[in-house]
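One chain, subunit A, links the two complexes that follow: it is found with subunit B in the first and with subunit C in the second.
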Partner chain A sequence: MSTMTSTLSRRRGGIAVQIALAALVTVYLWLFLQAQSQIEVGVLLVVGAAAVVLAGRLGLNRRIETAARTSPRAGTWCALVGALALIVAFYDVHYVLLMICTVLLFATACLGLTVQFGYVGVANFAGAAFFGIGSYTIAVLSTHTGIPHLLLIVVSGLVSAAIGSILILPVLRTRGHYAALVTIAFGILFRTFVEVNPVLGGPQGLRLPGISMFGYAFSDGLELFDQDVSFYVPYALLSLAIFGAAFAVIKSLERSWIGLSMDVVRTDETAAATFGIHIARWKVVAFMLGNFLAGVAGSVYGMMTGFVSPDNFTFSDSLLLVSIAVLGGLGNPLGLVPAAFIVLVLPQKLQFIQEYRFLFYAVVVIAILLFRPDGLLPRKTRLFFGKEVSR
Partner chain B sequence: MDALGQYIINGLMLGMIYAMVAVGFTLFFGVLDVIQFSHGDVLMVGAFAGLAASLGVAALGITSPWLQLVAVVVCAVVVTGLLGAAVAHFLILPLHRAPPLNTLLATLMLGSVLRECVRLFYPDGANPKPFPVLLPTSFIRIDGFELRVDNLILLLAGLAAIVALHLLITRTRLGLAIRAVAQDGETARLMGINFGAVVLLTFALGSGMAALAGVMNGLYYNEINFNVGLLLGVIGFSAAILGGLGNVYGAILGGFLFAGLQVLGSAALPALVPDIPSAYKDVFAFAVVIILMAWKPTGLIAERASERV
Partner chain C sequence: MNARKPLVQVEGLTMRFGGLTALDDLSLDIREGEVLGLLGPNGSGKTTFFNVLTGIYRASAGTIRFNDQVLSGLRPQEIYRAGIARTFQRSRLSLSLTVFDNIVIGDYQHLQHGLIFNLFRRSAFRAEYERAVEQVRQLLAIFSPPLLDRLFEPVGAFSMIDRRRIEVCRALMSRPQLLLLDEPSAGMTHDETHALMDDILEVRGKLKNLTIVLIEHEMNVIERITGRCIVFSYGRKIADGTYAEITADPVVQTAYLGEAA
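Our next item is the complex of A and B:
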């Protein structure tokens, strides 16, 4: 009886810690996103870095981890509420909402890469190409057919996965460096193809109409409570929904026997085969699922920006996606959001590194690989049973 | 006849450049089992170093094109040799025990760093730069076909470089050490071979070859830009893999094969499909690479010690 009450009170404490953390992070992000001057941004960055270091020193990190373990659901809801609060807070600032959408959509695409690189260990250096296939698919289909856009988003993901399935045979038969080459070659092939293809707009690219759903066009903008609401708000909500759904799927996939099989395939194929795990099947599933997510993210991104062109899907952009996945901690979906935030928003905020941003990412990733190979938030070994149960 | 000759010269030229890049990939893979993905960008840095040298020499008032050429080649090779050794020392050796993916990523990112550095910090580096014309531009007439002397010199120089590399690897003590390290690093160390020094020298050697390829590329097209390394690196890597990593002759074969595919693509595609843009030649070449990889996953001449179980 007494153990039950103590578990309950610990869980309550855990929830309180997570709510406090989510509130703190939300306020910090709010301050950061609305910061205008370079000095403000700099001060906030220093404060943030100091807070992270201090939390590590004071052992707060461990408390947060225990809290997250005792009540795993609460954190997700807190993050969702925090994200909604940010969207509401910036309801009329186009630019900030665009950044939020970009972070969410790129994080969605990187969830796909996480499954490929982090779980099964299939290298995919054509992330931007699959992202681009999603954009181009929805661009073509939304201008030439009357299929509802919600359906088209799914179709774009499916097309992306289907085109990716061309690569299944070479990817399955090759390994390591060789597999990397296959995807790199595909990425360059895709980019060259759309650039020289007159049907797909060539180097100029294509225009997209913007999403309309249930008879309501997102680009119209809307008025709520006598306030003009930015037309990016529906996109932000849609992106949040897509990212949330993808995150939930990937997270439960990781906890299930599927995730376990995938991890075995990555760490030791021979052992996996000995235990009767179908290596090819899981590689195919992971590759298709990853490309599907990239395609979905790409389609919404394309509709949001209203424009696709080959220059958005270069090899550097594929590398950018991979850097987000590695920076966040390969295989840890949770790390993707801060990583995407650092990679995408920081250069926008610090204007003096805007010009140098590719250099900046590259140096950061090299430093991470040399000094902290597990990324910012390293992936944890999964615990199927809490400590209380196993005791 | 004229068109055919032009296609052949073009194919040989490209093949020579690709082979010289691919040889570097295969040497690095031989000694350390790593892919140095910034190789193409090291090449680009070499070409820019050569360009800077030619401008510097011209500023000194030396107008003889041959002296300029020597300065260009020496500067390019020395700079990339040092750069290659530095990459090995500071990036690849520290990551030697890490998973292969990490090395791959780190070198890809280093490629970005080099590319961006040239784009941002070389004066007006974002735009294509004219490469000086240093070779004679006269023609030799054979049966009505005009063979350009500079192309001939470049082809012979490339051939000489590849033969020299072959002799270095098969006939010298350094070559013996490289082959020993490639075969088994641990045993080579036990036999008293300085592992670190051999690795650094191999990287310097491979990068120097890339620099030559970069200068050849610049002289052939009379233009370089900061992006040239990315495509040349990927093509060189494809060529090395087509031939089978770790095999120098495979890399040379792969280089010429890839060039053949490209030329075939640019020559045959318009004949088969009218008014198709010539830019499809890269699409065609890469598609063939992907198909070849699916057919022969470890290259045409397979690795000796396959990592398959």
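Our next item is the complex of A and C:
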């Protein structure tokens, strides 16, 4: 009886810790996103870094971890509420909402890379190409057909996965650096292909309409409680929904026999083969699933920006995606959000130091990897249902 | 003893790597239920034999029969499903994964692989998962009870002997007919080796039909647990008999110590 009450109170404590953390992070992000002056941004960066270091010193990190472990559901809800709160707080600021959408969509594409790099160990340096295939697919299909856009988003993901399947044979036959080279070649091929293809707009790219769903065109914007709400708000909600769904699926994947099989394939192919694991099957599943997610993210991004061009999907964009996946902590979906934030939002916020901002940003990335060589939030040892803490 | 029917029949097995012949027209039998020791100097082809038997290498010539099924040319995955499991000389566990993860994967053939099942039918998955945890616990209870309390710790945190135990459990998890142990004592102290052999004998006692083939350099290990030994030299079988017989064999002594001056 007493153990039951203590478990209950521990769970309550865990939930309280997570709510407090989510509130803190949300307020911090709110301050950061609306910060205009260089001093504000600078102070917030210093405060953020100090808070992280201090939390580590005081052992708060461990408390947060155990809290997350005792009540995993609470964390999900807190994150969701926090994200919604931010969207509501910036309901009329186009620029900030665009950044939020970009973070969510890039993080979605990086969930795909997490499965490919982090789980099964297949390198993919053509992430931006698969993202771009999604954008171009929806650009063509939305201008030339009347298929509902919600369906088109799924179709774009499928097309991305299908075109990616051209690479299956070379990816299965090569390993490590060589497989990476194959995907780099594909990325360049894709970009050149759209650049010289007049049907796809060539170097000028294509314009595309905004998303319409259930008879409502996102680009119309809307008015709620006598306030003009940015047309980015529906995109932000859609991006959040897509990221949330993809996150849930990837989490289940990790905590399943499939995730386990993929981990064994990555760590030791010989042992995997000896215990009957279908190496090719899991590589193909991971590769296709990853490219599907990149395609889905790319389609929404294309519709949101209203414009696709070959210059948006270069090799350096692929590297950007890879760096998010690595910086976040390879194999940990949760790390992608802060990593995407640092990689995508920080350079935007640092515009006051002009051309030095990329220098500063590079230093930040190197510093993070110096002090956290496994990324911001390193992947945890798998516990299938979170509670098996060695009895 | 000799009335037992052979579980594995190897005939004319040859494995060439470029100009090097690692297995040279090798023929031997493995009998059902025996513990067979494979001996021989370094580079005499013992591990190569395991790798050919488990399909990691494809033999240049010759046949392997297992329960009247021809294994030559099959992929490692198919050979595993036929009922052969092994450990490796250099530990091949996934160090970042837990003890449970590493052992349960040994039963890969009985885990459900469907995407829908794994991703969306989480309560059904959970039921299967809990069954699997129970199975792993039962196996560990027989083989290595101290590991039971550390089931969800990453393997990287364990000593060499525990890693070997985990590897053996992973191999046993699929309930194989034939267990291949590649130098289980490598890198362990004398006492650890002794403890591991106790464990293996314990498994032997409990699983009567299990056939074990073991590569080993430690002579006292061979003497203690094998019923029969085969000695390799330059990819050929040079002796076959009980421990007493092969150690008395002048051909074996020459292979190990060189020609008498």
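Quick note on the criterion: the second predicted complex is superposed on the first by the 363 of 391 C-alpha atoms of A that agree within 3 Å, B and C clash if a C-alpha of one lies under 4 Å from a C-alpha of the other, contacts with A are read in each partner's own complex, and residues count from 1 in each chain.
Simple rule for what comes next: contacts are C-beta pairs under 8 Å (C-beta built on N, C-alpha and C of every residue); 3 or more make two chains touch, one makes a residue touch a chain.
Worth saying up front: this structure is predicted, and the values here are computed from it rather than measured.
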- Message: Taking the superposition on A as described, I'd like to know which of subunit B and subunit C A:Q348 touches: first, second, both or neither.
- Response: neither
- Which partner does A:T76 contact after superposing on A: first (subunit B), second (subunit C), both, neither? neither
- Who does A:T267 touch here: subunit B (first), subunit C (second), both, or neither? second
- Item | Comparing the two partners subunit B and subunit C, which touches a greater set of residues in subunit A | B
- Task: State whether A:T66 touches subunit B only (first), subunit C only (second), both chains, or neither.
- Result: neither
- Task: Please work out whether A:L253 is in contact with subunit B alone, subunit C alone, both, or neither, and reply first, second, both or neither.
- Result: second
- May I ask you to decide whether A:S165 touches subunit B, subunit C, both, or neither, giving the answer as first, second, both or neither? neither
- Just subunit B (first), just subunit C (second), both, or neither: which does A:T381 touch? second
- Message: Touch test for A:I277: subunit B only (first), subunit C only (second), both, or neither?
- Response: second
- Message: Identify the residues of subunit A that lie in both the subunit B contact region and the subunit C contact region.
- Response: 270
- Query: In the complex formed with subunit A, which residues of subunit C make contact?
  - Reply: 54-56, 75-77, 80-81, 85-86, 88, 92-98, 100-101, 104-106, 108-109, 111-113, 115, 118-120, 122, 125-126, 129, 133, 149-154, 170, 174
- Message: Help me check something: in the complex, which residues belonging to subunit B touch subunit A?
- Response: 29, 35, 91, 94-95, 98, 100-102, 104-106, 108-110, 112-113, 115-117, 120, 230-231, 234, 237-238, 241, 245, 277, 279-280, 282-283, 286-287, 289-291, 293-294, 297-298, 307-309
- Query: Once bound in the complex, which stretches of subunit A touch subunit B?
  - Reply: 117, 121, 123, 125, 167, 169-170, 173-178, 180-182, 184-186, 188-189, 192-193, 195-196, 269-270, 315-316, 319, 322-323, 326, 355-356, 358-359, 361-363, 365-366, 369-370, 373
- Note on the structure: Interface with subunit C, subunit A side, in the complex: residues 249, 252-253, 256-258, 260-261, 263-264, 267-268, 270-271, 273-278, 281, 285, 381-385, 388-391
